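Read the structure below first, then the notes.
Chain naming follows the written order as A, B, C and D, and within any one chain the residues start at number 1.
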């Protein structure tokens, strides 16, 4: 270990944040760029399944909430790309990787949203799982990322409560058809939400180094268990069930046991063959492609302005 | 008058049809090309206001009826362009005139269709007015046009009855909201339907020559009056009213008197400034423009086939 | 999600597919690349709405609830209760995508209906016989277009190849035969439709080859599942438009 | 077609316009030319739904029917009863058309709200004051975009000029003051909005000139009339989508 590396690791061990100007190992930088850009991409792609319902939100209040959530997600994308750029990465380049299928984003957004309750279930389960993943990242070793996470987590926990409230209202005040929508949404989104924590620890090779760097602070399995443990009581209050016959409280471990995740489906989806991967990427590519003339015009206009001043 | 011209006019006077191969004056040919192409354009543009509702037809039966009507209109367009081509005109050229705003089509199709009852009212009033215009054209002097008209009129009178039945059903079996739709549709389409017969006779300069040629067999005012006389009893059976306070039966003349038509609106619309002129022409232009590659491919493929045979 | 008996579910699959395919054709009104195509697209659509009505009427009779007729089935079910094959709900895209969808659907219909003539259920036989005549024409037309575009200009070839590529992945859902359907074949209620995948693949391969287009490997199932009403997102918007009047005026008679 | 008292009709005009404009902005979700614009478009849309809610709540109170609240007004009226200005219902087109519509609407809103602060009706004043703050920002943003695109590249100039040309004809409907509204101004119920056409024309002319765009002659009325619910055909389809859930589930609580 070089003296620089040693100083770097000592700083991390002492829980002092690494800042953009500090020396850092190349692999730390690369790992972070990948992680932060994936996170940013997920925010952006995550707007699409909600965009499918924002034009059909059933009341003005629900429309406002959903629009605000989508707006927040665009905002999260912006912070996160900015945090990533402090590492010397370029936003357009990373987005190009997304569009060409070389960069990943959260697999959950490749599932379709098929009824209004999905807007509640996405908030509750998907933002819920995201928060469990992200809360530890508020203490991650890289300063700009940690600070972005603080804001992101705060807003996401608001989304989560709002999502849950959508479902609770439908279960408590709704018609039979609405209650059916809620259970249906949970049935479809339950397993994909559990998959958001990534492969089982034994298949998650990057974890050890990421742990040492405090980019990652808990294993996938730990976080998944935490999510399940906190979610089941909420599920019970809803009066709904999870689509998992093996789910039950384990008195001994103090945790819920749960069934086997369909890892084959998970890998299919992250390899680009999920139900909506193609539509999601096409939507993003189209947006950037058909907006090219707008961005060019903005640049040209700014140059004209500058020349006029000079 | 040249001998050819005399023979031509004698033939017409004797009610013998002019056929494509017969000699005819240039102005007869031009007038007919203009008239037939306008008629064909009207069929094609007339599909658009119906296209606005065909995706929203309220029952399978009504959907079938509307689709069949639209199909018939495409068919009418085809016959009519064919009849026109017997005069040496070119379909693509005439369509280009439509797209560039140099050719006209029936002004009625520049009005929007704003509720489902419009699908009934268009059939009843618009096809109804078209029939009154066209019945005499079954005996028009130009053979191919006359024969096309026989088929067109037959199908249109079917559309008219169907349109009327849509309205009658809504009035007799419908809710208050549906009855309101019917009256609303009539209110909006009544005057534009009357305008379909063209300007008053004193402002219709081409009529005299067209009458001599038996391209036209009645004046605009005569046809308009005929339409009104036959339509009012049907209106009364519906239990609806016309938006014309001056409308009343005239015992002396044996016809209905009616109020002053807003000719200013009529001229605005035919000059291209009606409520939907721009949308209608853009729709047609877009269709032809985005279909160019398809037509080119069809030609290319046919050539390949031919070469393979040769 | 409502599930009916096996045969009724199958009737819904046939009827809903015809209806949704026709609805997509209706969207072409006034937009076709030539006047002849306006006519032809609407003509095919008309046949399909007619077929849809026949299938849905029979389904409604089997359901046996006075309040349910073909229109109620068509206009009052949410997307999760629609049973149409995924292929037909896909957006129209350009004329090549529309023709690719139509062709893949026509080949499927052609073989399905051919087999359904051997059903022991007389109603199924009658509808299949009548529909098959129409579909034979649809198939000729759509395969001609696939060939024309595939082996036309460079641009049309590229567009046709892209079109095949973009909707091919939904073909598994056409070709899968459910256990319930296999049982209906085994007891002869339905003619033997269990070979549909082979029949479809072989006819499609022939036409694509004649069109100078590559034949993709068979598509694999991936989560979306028309039999359980797990559709593409686009279906919900299509239904919002199609069903609007019946939804907005539940007490109306049209 | 239902007509309410003059003030209520005016409130519907304000509320419906904000709502339909916002709905068109919602259609941009995931399609904007840059991430910053996703945020900004949604931000403007949010403000407008908030404004719509305020106007429609007041309208509902004035209607005084227990069964009618802001949601019922938004989600259960047919297009013939919608009172939004024609400008906002027009299809989004490209980003230039969207910005042209937004700009023309913002200028109108800005001057309307500025004047409405002088109303004798406290509720109108309160809503106007709150909305004006938001609209001041909207207007800055949309006029900047008009300038950026008008005086950007050759392509953007052409697109922006086409955009102005394509929606300009609907501006008469923004600018016409009805007799009923004039009466509400005369008795001070509303602040003096009778000069809206001049105010709008002069601000629009200034921005278009700065954007190297031509200022078309004032648009003339032509049949379509938002006050009588005679809208463009596109509104019906927009409402079919927007209202679907309320229509499909009339007894639901969301």
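Keep this in mind: a residue touches a chain if its C-beta (ideal position, glycine included) is under 8 Å from a C-beta of that chain, and two chains touch if they have at least 3 such contacts.
If you want to know which protein each chain is, UniProt gives these names: C, D = 1,2-phenylacetyl-CoA epoxidase subunit PaaC.
None of the values given here were measured: they were computed from a predicted structure.
J.: Indicate the lowest number of steps between subunit A and subunit C, counting one step per move to a touching chain.
T.: The least step count works out to 1.
J.: Sort out for me whether B-D or B-C is joined by the greater number of C-beta contact pairs.
T.: The comparison resolves to B-C.
J.: Could you state the distance in Å from the CA-based centre of subunit C to that of subunit D?
T.: The mean C-alpha positions of subunit C and subunit D differ by 41 Å.
J.: If you average the CA atoms of subunit B and of subunit D, how many Å lie between those two points?
T.: 36
J.: What is the distance in Å between the mean C-alpha positions of subunit A and subunit B?
T.: Spacing between the chain centres: roughly 58 Å.
J.: Multi-chain contacts only, two chains or more: what residues does subunit B have there?
T.: Where subunit B meets two or more other chains at a single residue, that happens at 56, 177.
J.: What are the residue numbers in subunit C that touch two or more other chains?
T.: Residue numbers touching two or more other chains: 78, 237, 240-241, 244.
J.: Considering only which chains touch which, how would you classify the arrangement: line, ring, star, complete or other?
T.: Shape of the chain contacts: other, as it matches none of the listed patterns.
J.: Please list, in label order, each pair of chains that touches.
T.: Chain-chain contacts present: A-C, A-D, B-C, B-D, C-D.
J.: Which of the residues in subunit A end up touching subunit D in this complex?
T.: 44, 47-48, 50-51, 54-64, 67-68, 70-71, 74-75, 77-78, 81, 116, 166, 169-170, 173-175, 177-178, 283-284, 286-288, 290-298, 300-301, 304
J.: Help me check something: in the complex, which residues belonging to subunit D touch subunit A?
T.: Listed in rising order, the residues of subunit D that touch subunit A are 19, 22-23, 26-27, 29-39, 42-43, 45-46, 49-50, 52-53, 56, 70-71, 74-75, 94-95, 147-149, 151-153, 155-156, 159, 241-242, 244-246, 249, 251-254.
J.: Where on subunit C does subunit D make contact in their complex?
T.: 78, 237, 240-241, 243-244, 247-248, 250
J.: Could you list, by residue number, the parts of subunit C that touch subunit A in their complex?
T.: 1, 78-80, 166, 169, 220, 222-224, 230-233, 236-237, 240
J.: Could you list, by residue number, the parts of subunit B that touch subunit D in their complex?
T.: It is residues 49, 52, 56, 111-115, 177, 180, 184, 188, 265, 268, 273-276, 278-279 of subunit B that touch subunit D.
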